[in-house]
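The structures considered in this document are given below.
Each of the next two complexes has chain A plus one other chain: chain B in the first, chain C in the second.
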Partner chain A sequence: MTGRTRLIAVTLLVAALAVVLALTGVGAERLLLLNLVLVYAVFAVGYDLAFGVAGLLSLGHAAFFGLGAYLLANLTLRAHWPFEAALLAAGIGGGVLAAAVGGVALRLTGIFFALVTLAFGQLCFILAGNHLRAWTGGLDGISGVPRPVLFGLDFASDRLFLLYTAVVFAILLLVAARLRASPFGQVVAGIRLNPVRIEQLGWRTNRFRVAIFAVSGFYAGIAGALQASLLFFASPQIIEWTTSGDVLIMTVLGGAGTLFGPVVGAAAFELLRDELSRLTDRWYGLLGLVFVLVTIFAPGGIMGGAGRLLRRARP
Partner chain B sequence: MNILIIGLSLAAMLFLLSAGLTLIFGMGGIINFAHGSFYMLGAYGGFQVIDSTGSFWLALVLAPLGGAAVGVLVERLALRPVYNREPFVQMLLTFGVILILEEGVRAVWGLDYKDVSAPAVLAAPVHVLGATVSAFRLFLIAFGAAMAALLFLVLEKTPVGTVVRAASADPEMVRALGIDVGLVRTGVFAFGTGLAALAGAVTAPLFPVELGMGFGVIIDCFVVVVIGGLGSIKGAVAASLLLGLVRAGGYGFAPEWVDLLSYCLLIAVLLLRPHGLFGRQRRLA
Partner chain C sequence: MTADAALRCQALTVRYGRFTALDGFSYAFAPGRLYGIIGPNGAGKTTLMNVLVGGVRPSAGSVHIRETDVTGLRVPARARMGLGRSFQITRTFAGMTVFENLRLAAQASVFRRQPLWRSARTFPETAERARAMLATVGLEREADRPAEQLSHGDGRALELGLALMADPAVLLLDEPLAGVGHGALDRTTDLLARVSAGRTVLLIEHNMSAVMRLAETVLVMMDGKLIAQGDPAAMRRDPRVREAYLGSDA
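Moving on, here comes the complex of A and B:
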């Protein structure tokens, strides 16, 4: 199989698996978890477009995620937009904010870029919590965020909503795959590896960086909107920098720079959180420990480690 | 007068916190996100010592030692194996360390917040120049100033300081001279985390000691460290004073806008003078 057919096959398989799981025996308490995995997988796949492909370490993605959540909540509840239009607007809002932040912050590189995005993210956190109360509900957030209704089908139950998230996830994963393989994606990857050379080849490196950062923000906005719909709640808590830390951890845990790594990472993060919290109250610390061990001993994350094992088994 | 005292005491706390962070950065380029967690660890450690022995002063000795010991473990077990990888990997590891430290604190001290009262000697307000001010805050200011002077002397005037500065400027050369750079790195990291724990212990009477108290603080630290110039102790002193006074003044006029202002300041400095307002070079002290 070529790369592309394999990709489409795997994506359809994942989506189909989610559909089967949704319609059959999965226990109700697992449905929320699976929904969360898919929502965060969208977030992490988008995050990795900036981090893994373009090499941009952002600590401000929580702001794009949060903007998506609040846009969806406001547009559906107050402006009475249809859900899909609001979802799209949430993505575009995240993308525009990311383009604005990127346009300013991408004058810097490395750790300074990371710190500027962190400061922007926290700025949005303070704004949402204290200053834009009319729009964000302040520290109370906005509750009662709706679930979608499409073609007369109400996705209000977790079971049906899983179908919805699976479809959105599959579409966005395929788009990300196309984007990585496209000439645009190749230039962006080249900028990560050798910015000077790409500049000398005549590409405006900064435009490409801002563009991929905006796409990454679009994914974050969609994920934030889906999360708000899933939990019926848009909370200012999700804008705090720890959310940016979480998505970074997921991406690295699964394997940054690979298409499926962030998906695996998001699943591992949420499953570990869920499983460990059943076994012990100490799950958060154990998660930290797992993360530290993976970072030290498996540089490519779970996907990298699995790849090495496969190669060793098949010399 | 009171605003001045509050501003200066805030500056003292910010300095203690960010001095450690900036030293650690200057040493190995490590952005230690877990710094706030060491601050929390110090606050809980201080609470524990005061709770068991009743002595605030003993807490000021034991809490930083505890913070430094945990710092040694973190540096040796987590950071050392990845010094040769991309710089962001060390930062990632400090994310993991946050989770572990938060969990450790929750396991030992539980979920409810702790109250620490100021030592009896400093509990009563005193009268200075016709104003009534908190004696504890005055002590905090003196303590911060003394620590700044001490740090400065150690780094600039002692052989240990010379080795630390040299090892951050050119580790290969220092290694060639027969000095164990690894040991210096561990020492600086432990010293920095010890300072964070000290800040937690000494300010424990001012704030509720609770889980998650390190999350907000770490951002303030970044503001100070960046404005002062990454790796610069002098800059950290100046930036702490600036930020402490601006905050104390701002809380009087427009409390809602203070945090916003400091983040805007951080962004502006990063964009316009990424090496800080004070001093262009990146070196210690």
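Moving on, here comes the complex of A and C:
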């Protein structure tokens, strides 16, 4: 099988699995969990375009995620846009904001870039909670965010909404795969590996960095919008730095720099969060411990570890 | 004569704090010639190259490519004007195979014509050029090996291949023979002679026999200055050159 057919096969498999789970008797609580997994998988796949492909450590992706949520809430509830138009606008809004942040912060590299994005994210968090109250609903957030209705089909139930998220996820996963394999994606990977050489070949590294960061912001905006629709609620809580931390943990946990790593990471993260939060209030600390253990003992994440096991099993 | 220089620099000076690494360096490099640049360690040879490609801003002076002032242009802009460069320290794409390294470099000249939605693997033009370069620099058998696993000598060959991929009119080579094993020295020198044909080449090299064989003009640098220049045989006899190297390792 070529890489392309394998990719399409796996994507269809994941989407089909979601569909089967949605249509068969999975408990209501599990349906919410599956929806969350797919929403965060979109977020993490986009995050890894910046982190794993371009090597940009962002701690401010919560801002793009949050903007997507608020854009969807406002455009559907107040401006009465169709859901899909609002969803697209949420993605574009996330992308434009990321391009603006990247345009400024990408003059810096490494930890300095990370700190500027962190500060920017926290600034947005404060703005959303206080100063932009008219638009964000302040600390109360905006409730009553709708679910999509398409071709007369109402996706109001978690079961049907899972179909919707599965389709969006499948499309965005394929786009990410395309982008990574494209000449553009190869240059971006080259920038991570050796920026000096890329400049010597005649490419302006900063343009590519800003571009991939914008695409990453688009994914975050879409994911934020889907999450608001899933929970019927856009809250300033999701703009807090922990959301940026969550998506970083998912990506590293599953395997940064791989296409499916962030998907696996999002699933593992949400399952662990679900199980651990049932056992103890200190679940976030336990998740952090799992994260630290993975980075120490399996630097390639779950995907990297699984790959090593497979290779060892094959003689 | 200076009117049709491929590359010309005027009174180039680079200061690091109070230290002057390049001190009023002027020269006009004629098209199609191979210039050997020699001088003891710390003479300012790599610094000169860094200023010529645009990686280091000069404290004073100017650089012209084919009589266009490029002093204010950065590395990518000058590269697109046909200025290629290999580095003293090997700079390849670790994590990609040798073939992928060259294919990525091959994209540089056709990037605008490559649609975004197609996989980089599916462009025959870049793949063919990468394969041809594998043959040129003698890395066919290492094609699928990750770049970081290459021997030092093969790494130098890949470094040269990456610099050549854009087919630069002016090629700056910073010690391409450094660390190349005895057995491969003649072969690599032959390779340098072959790939230099039809280009303007600035060759920094400590290996004197290679410089004597390849260079048409030799420039001698010391303490950031050009202290002598002329044909290789004359430079070898020049007392200033002997003095510059006295007590150094060359």
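Convention: the second predicted complex is superposed on the first by the 309 of 315 C-alpha atoms of A that agree within 3 Å, B and C clash if a C-alpha of one lies under 4 Å from a C-alpha of the other, contacts with A are read in each partner's own complex, and residues count from 1 in each chain.
Throughout what follows, contacts are C-beta pairs under 8 Å (C-beta built on N, C-alpha and C of every residue); 3 or more make two chains touch, one makes a residue touch a chain.
As the structure is a computational prediction, the values presented were derived from the model and not from experiment.
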A:298 in the overlay: touching chain B, chain C, both, or neither? Say first, second, both or neither.
neither
Given the touch rule stated above, what does A:183 touch, chain B (first), chain C (second), both, or neither?
second
Taking the superposition on A as described, I'd like to know which of chain B and chain C A:131 touches: first, second, both or neither.
first
Chain C versus chain B, contacts on chain A by residue
B
Contact residues common to both interfaces of chain A (with chain B and with chain C):
none
Name, in rising order, each residue of chain A that touches chain B in their complex.
57, 104-105, 107-108, 110-112, 114-116, 118-120, 122-123, 126-127, 130-131, 240-242, 245, 248-249, 252, 282, 284-289, 291-292, 295-296, 299
Complex interface listing, chain B residues touching chain A:
29, 31, 33, 78, 81-82, 85, 87-89, 91-93, 95-100, 102-104, 106-107, 215, 219, 222-223, 226, 256, 259-260, 263-264, 266-267, 270-271, 274
Inside the complex, what are the residues of chain C that reach chain A?
53, 55, 74-76, 79-80, 84-85, 87, 91-96, 100, 103-105, 107-108, 111, 114, 116-121, 123, 162-163, 165-166
Write out the stretch or stretches of chain A touching chain C in their complex.
4, 178-179, 181-187, 189-190, 193-194, 196-197, 199-205
